[in-house]
């Protein structure tokens, strides 16, 4: 069980409806915008370097997801971090594909050494790659060898906590078991259903949801990230249950997930 | 009540199935294509400057939506307007984020001073920004202070009509109440449901739908734009009613909206 | 009837879950990723030239879909073919809009003359444009004059087979009747429903599905492509039947299509 009252944190999202400026990938950008709306926040998905300062200035949080790499986006990624630092806005970083492509890992390590972030939200393979531990990532999904189980929980938690301490941020490591840690305190969430990993973008959606919670609860980052994770997991359970009742498949699951988030 | 026969205009879309060349944003590009298909038209979503002349040459209307700004798209936006002018194709412009980011407002004002458009379709904050009236826009959604109510209707209509006269085009200003005007005649549509603003892209979808109606009814631009607006509002009502019956949320609403448009 | 056992080929997708590296368009990229997941494979949608070698190295097949042209993507398209050739990975090419825009046709003809591909998967107008036959393409959808009927079947098959022999690949030509050929053997699939062409991206989805089947069955390319085509057609039939039972429209059809693919 998580030691906080998630209702309170969600209520803040719904009452303050924070604006979340998202630099996210073109695969799941529509889903991320809809998830941010579903939880009661407002999305802006601007990536042009010429307008980042305007939109980050209006926003309560920044979602930086490097899912779509492109030479012409390098400046946008860097500038969003620089502007957020200057304006004191919290950044939730999704290190998509860290460990799978060398240019991703290198860019992320350099950015993390240069700019502060509030939360790193990634899967176990990505968090491992940023931690400098050995291993192999096979794509943008977590490798089976990185799964968190009862047996590996202590080591995985220590790895995430080490990364959190190194960068002075919260690490939200997603998987069948989610680990959330600020380096001192660590929480585990064992909810959710495996079917969520069979629709694209649930990780990106969770990053957007985390940014919404962080934007509405800026003084409780760990709790906000944990609330977002638990909300996503619980809504995934509800969505899968309804999908089964409807005898549906992955198309229905995706619709039910947005439904559950908006009705929560 | 609107003083035209919308069935007639929709029939033209379904019989002539115009090709709509869309330069739109990567957040809602899939929804826009599906809405254009749902109403009976055909979408092409090309943005490469090297092929704009080919596709605009084939098309009956151009949907220019600046939702995704990027330095490498500047030329595409400008060229689409220049080619459309040369070939005499009507352009429906969606000034996403006008007023929220300086570079958007400036680019739009410059383009509108240089090229003709058939319709400007935006929310009240965007129309205000293009009209040069003072105010504050907080993102890509309309600000609460810009809402059209019984009290503000005359002033808002005058503002939209002034912009229409200035650029010799139709202005379609969306919101709880939609105002459509060519500077001389003004129509108001009070239909639709507020839930439509809680799914991303309903504004972009309406712009695509407007382009389809304009492409099929090029000699009745104001009526075409009003028909598109009313169709979107009525389908939104139907979609929300069905969503409630299904005890669904925003995921279901989005599916029902496309359903309603295709079954209308 | 097709002369192979599709269950066997689908089983290979589900057991080997190949990684499919996709360079696809921003209109349907989310649908393609979800279709690849639905059939049991894994998608990566990377287009950055700096990481193509890493991801293609991990992948079992490459989906190259030129739906979104952009000057900054030229290098990515070319490099994906060069890397796939070097690493011996099969490429499924979707020549979106060939014949409709000159720059597309020219680029495709040049790439096909320079690099090998395993499968060309396009509609009849696109295949015609690559074959050098005269005709007119009106957008990204097949022209009515290119439809395959009982009468035109022999000529259309000969055209597709000629293209297959020229490039030493399989040609999968989609439409109301699908023709699949390696230049020697030709198969016809007469399944599917016309409503599938009224939702955007069914062609792109089929290309992704084909890449998944090819990646899992690299020694049986023609059979793999035919299995993907038949699976898409049968799932389209199931989806349309369920959509009608639900009294739904095109929004429901899209959800049901992903459902049918994931439940097949």
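We just call them A, B and C in the order they show up, numbering each chain from 1.
In this section, contacts are C-beta pairs under 8 Å (C-beta built on N, C-alpha and C of every residue); 3 or more make two chains touch, one makes a residue touch a chain.
What you see is a predicted model, and the numbers here were worked out from it, not measured in a lab.
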Angle of rotation relating subunit A to subunit B [CA atoms, steps of 5 degrees]: 120
Copies subunit C and subunit B - interface residue numbers shared by over half, same or different: different
Chain centre separation (subunit B, subunit C; CA means) in Å: 32
Where subunit B touches two or more other chains, by residue: 26, 30, 72, 254-255
Parts of subunit A lying in touch with subunit B, wherever the complex brings them together: 19, 26, 29-30, 33-34, 37-38, 42-51, 54-55, 58-59, 72, 254-263
In the complex with subunit B, residue positions of subunit C that touch it: 25-28, 30-31, 67-72, 97, 100-104, 138-141, 198-201, 248-252, 254-255
